[in-house]
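Two complexes come next, and they have one chain in common, subunit A, joined by subunit B in the first and subunit C in the second.
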Partner chain A sequence: MPTAIATRWVEACAADEIDEEDVIRFDEGGRTFAIYRSPDDVYFATDGLCTHEKVHLADGLVMDSIIECPKHNGRFDYKTGKAKGAPVCVDLKTYPVRVEDGKVLIGLD
Partner chain B sequence: MAAQDISSDYQKRDYSLVGFETQRAVERGLATAQWYQCPIGRKELKELMRRSDGPALRDTAIWFGALALSGLGGWYFWGTWACIPFFLVYGVLYGSASDSRWHECGHRTAFKTTWMNDVVYAIACFMILREPTVWRWSHTRHHTDTIIVGRDPEIAVPRPPDILGLVLNIFALKSAWSLAKKLTLHVQGRLDPEEATFIPEMERPKVFREARIMAAIFIGVAVWCIAIGSILPAMFIGLPSIYGGFMTIFFGLTQHAGLDEDVLDHRLNSRTVYMNPVFRFLYLNMNYHVEHHMFPMVPYHALPRLHEAIKDDCPTPYASCWAAYREIIPALLRQRREPGWYVKRQLPSHVAPLDVSAAGAVAAE
Partner chain C sequence: MTERMVVIGAGEAGARAAVALRENGFAGTITVVGDEHHLPYERPPLSKAVLTGPDEPAPPHILDEARLAAHSVDLLHSTAATAIDRDAHRVALEGRDPLPYDRLLIATGARARRLAVPGASPETVHYLRSFTEALALRRRLAPGHRLIVIGGGFIGLELAAAARARGATATVIEMAPRLLGRAVPAALAALIAARHEAEGVRLVLGATIARIESAAEGRRVVLGNGDTITGDTIIAGVGALPEIALAEAAGLAIDNGIAVDAHLATDDPDIFAAGDCCSFPHALYDGRRIRLEAWRNAQDQGNAVAKAMLGANERYEAVPWFWSDQYDLTLQIAGLSDLATRTVTRDLGDGARIDFHLAADGRLVSASGLGPNGRIARDVRLAEMLIARRARPSASDLADPQIKLKSLMV
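For the complex of A and B:
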């Protein structure tokens, strides 16, 4: 699934709100997103719900570049959105992220 | 342990995944529903979910090592009575310990490294007579809709209980027959209608390929036995699932048998049973079954710690297998006569379950 083309930038959270190698949930305009901080301190964003059964990925486990869904252990590469095998078969949509003045902004379409 | 009687207008349940109960479960909000989770802090849960290869490498090395040693003894003493204890150990390690290895590696929580999970998963699936892709999807559904009638393909003891089937499964006879029927279908490139409800289209070629490989191995072993005029090869590959499978049902029945159906709270439909270290090695801590269902991302080696963290919010665990079976056997026998009857787990007084009444049931107290 391609990365969204940012038409507007939305402040999601403070950069230090997310632990290293972790994820938090961000809701905006009736949509839900997952914001990640990788072990090398880079931020990423994807759709917030697992493409398999719509479970919040923010309750899952981040391991290196992988987010694991808390319900069925389906895995995605959160940097690319790529589904890594059953039971997840459909990729996640990803969103551009930038950090400004200690705030994490995600680019929404 | 408190038990609950339910009303006499109990309707016979349809446990298939393509019957009237399937749609009813959806209409009642029981399918892909939100389940109760005991409160636990994110930091603590993250620590419990942390993956590592170490414990599973150790336990897999012990498992394969014990298989090799017992198998060597069985081969050496073949033709004498002395081979029996060796094959007994080999059989249990092959036909019973494979159940929990299949399970943990299927969740990909046993090892941190994905390929290690996948390799042990494939081997353990073969040993426990389960087709890898079919059971990956079946178990996914089991976790989505645990003991929801019409949705869960892994309800081990539908009511009224099939006692003969359970007895046959002490030697995996019912499950072997089921595999034989399914393999025959899958080898031909077909699924049964129930499987089609939970295996996505894109995964089906894999199902058919695996079935053909599995069937080829079984046929190969049979040909080998005929060629040398001995069942010895089958004593190592294939038959151990039968003669060594009795601990699978012994452990497996403790998970959910006799408990409530159609509730969105694993504390009410699953058991946590304290077991000795040997059993916990064979079963990879799946005796902490409430904990596993509630937080399936926690690897088996962290389940005892998870249990400590949430036990105040859970029913009292069973002190032993004996304690569990003192409840399970009478419950199953009673459910033969009264299919609506079930064991009602007592939650701690300070918590309340999410409650959805089963068909024909009196609401939980």
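For the complex of A and C:
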């Protein structure tokens, strides 16, 4: 298997630290991530900075499966990372998430 | 049959509309005519990162060649439209053959109002609207350079902040007794003024300008009271005027901008207008005709007008929204406060706050937030949603930072 990249699972936060339909910021090793909890109680993770002007998305608003950037209201689908239109046109990188023993783990490569 | 869409003005509204026409399924030709040399770019960074960023800046493009090609949008840059022939459905262009259209969008934006005092000329007074002008200003803003800003509005204050960031000095001269005029509540304007003074900006308020002089030691602004202020560069941010010349010459209705209806159509059903150049009736504010000079409005109207040009029948009624960045402070304003009779403040700590403006009937009509962007943005956004729903939240809930605005959404 030529392209298997080892995933490193990192504990981001306790599952109850994030409200439903909300987001928090998680910093690790000089990088910053956004961890989401959807209205139907599923966890997701993306890069933490908006692809428009590098603002922390965790200060933005979660609405359903959308994270809206706090700076100019650019929108992403945080489940897929897809940019949903101007002013953002570059997608967000997403990361796998696991919940174990009440903790949220994200898989970094 | 609508086969040829033409857009005049390759700015925020025009570029957005061109892409949105495709996104909404239009299969004919789309031609965007722009008189600037660059590909469409965002203007807000011109008074911010373009001046202060560490590297020689590139225009912050809205569309690059690849996206233009992907959406099959033809851009005629460096080309001014000079006349609209409504009977023949043709736009006359500088140095090219006339362009036929089935539907036309005018998205010509606004231009900087010129300072009308003796001695003001293109050599003595600078303005900021284009990337080219921003680049020229950036080259001047070196440590020790003395910048004189005429006008204490958003652009003037962002320029003062940018000058300080580059180690230049800044003096802001404003005619009114306070900064930022009616658009910003007095209490917030006072906080912004205090911050500029703390950063070493000299504010000269309530001052009229008698004339501009050139002297050996630099440029001189002579005030109405006889005082003089000397500096190296004078830049004026004294408002913008809608670019209406083409529309006016074509006989379209004008009323503080190109007058459009709630669907962004002019009084010619094949001609639309969007962005800074147009005025439109706003349902949230008693159907009053307003004209905005705001980036999100240009973008939202670009999206909306594309649908209207394709025959949709949606009213444009997005809540007006504006932001400004000065130092590490962001000011965000949602809605219009003209109808407000009462203000309620939510203190978010560390100097960050939201002022909510309520109309006589208790309806939330506007909210202004000041502080680090991350502290205020969410609440201003939620306030915007409450404004759109014509909500009447209680003053005590608004004032209490423990109460999540999201919980007031019914």
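By definition in this document, the second predicted complex is superposed on the first by the 103 of 109 C-alpha atoms of A that agree within 3 Å, B and C clash if a C-alpha of one lies under 4 Å from a C-alpha of the other, contacts with A are read in each partner's own complex, and residues count from 1 in each chain.
Just so we're on the same page, a contact is a pair of C-beta atoms (placed from the backbone, for glycine too) under 8 Å apart; a residue touches a chain by one contact, two chains touch by 3 or more.
Since the model is a prediction, treat every value here as computed from it, not as a measurement.
A.B. asks: Putting subunit B and subunit C on the same copy of subunit A, do they fit or clash?
C.D. replies: The answer is clash.
A.B. asks: Using the touch definition from the top, say if A:H56 reaches subunit B (first), subunit C (second), both or neither.
C.D. replies: In the superposition, A:H56 contacts subunit C only.
A.B. asks: Check whether A:P96 is in contact with subunit B, with subunit C, with both or with neither, and answer first, second, both or neither.
C.D. replies: In the superposition, A:P96 contacts neither subunit B nor subunit C.
A.B. asks: Return first, second, both or neither, reflecting whether A:G107 touches subunit B, subunit C, both chains, or no partner chain.
C.D. replies: neither
A.B. asks: Using the superposition on chain A described above, determine whether A:P87 touches subunit B (first), subunit C (second), both, or neither.
C.D. replies: Touch status of A:P87: both partners.
A.B. asks: Just subunit B (first), just subunit C (second), both, or neither: which does A:R75 touch?
C.D. replies: In the superposition, A:R75 touches subunit B alone.
A.B. asks: Once the two structures are superposed, pull the subunit A residues common to the subunit B and subunit C interfaces.
C.D. replies: Looking at subunit A, the two contact sets intersect at 53, 60-61, 68, 70-73, 86-87, 89.
A.B. asks: Write out the stretch or stretches of subunit B touching subunit A in their complex.
C.D. replies: Those in contact with subunit A are residues 32, 46, 49, 51, 107-109, 112, 114, 133, 136-137, 140, 143-144, 200, 202-203, 295-297.
A.B. asks: Would you mind writing out the residues of subunit A in touch with subunit B in their complex?
C.D. replies: 22, 53-54, 60-61, 63, 68, 70-73, 75, 84, 86-87, 89
A.B. asks: Touching subunit C in the complex: which residues of subunit A?
C.D. replies: Spelled out, the residues of subunit A in touch with subunit C are 53, 55-56, 59-61, 68, 70-73, 85-87, 89.
A.B. asks: Going by the contact rule at the top, pick out the subunit C residues touching subunit A in the complex.
C.D. replies: 16, 19, 42, 49, 62, 67, 295-296, 299, 303, 321, 323, 330, 373-375, 377-378, 381-382
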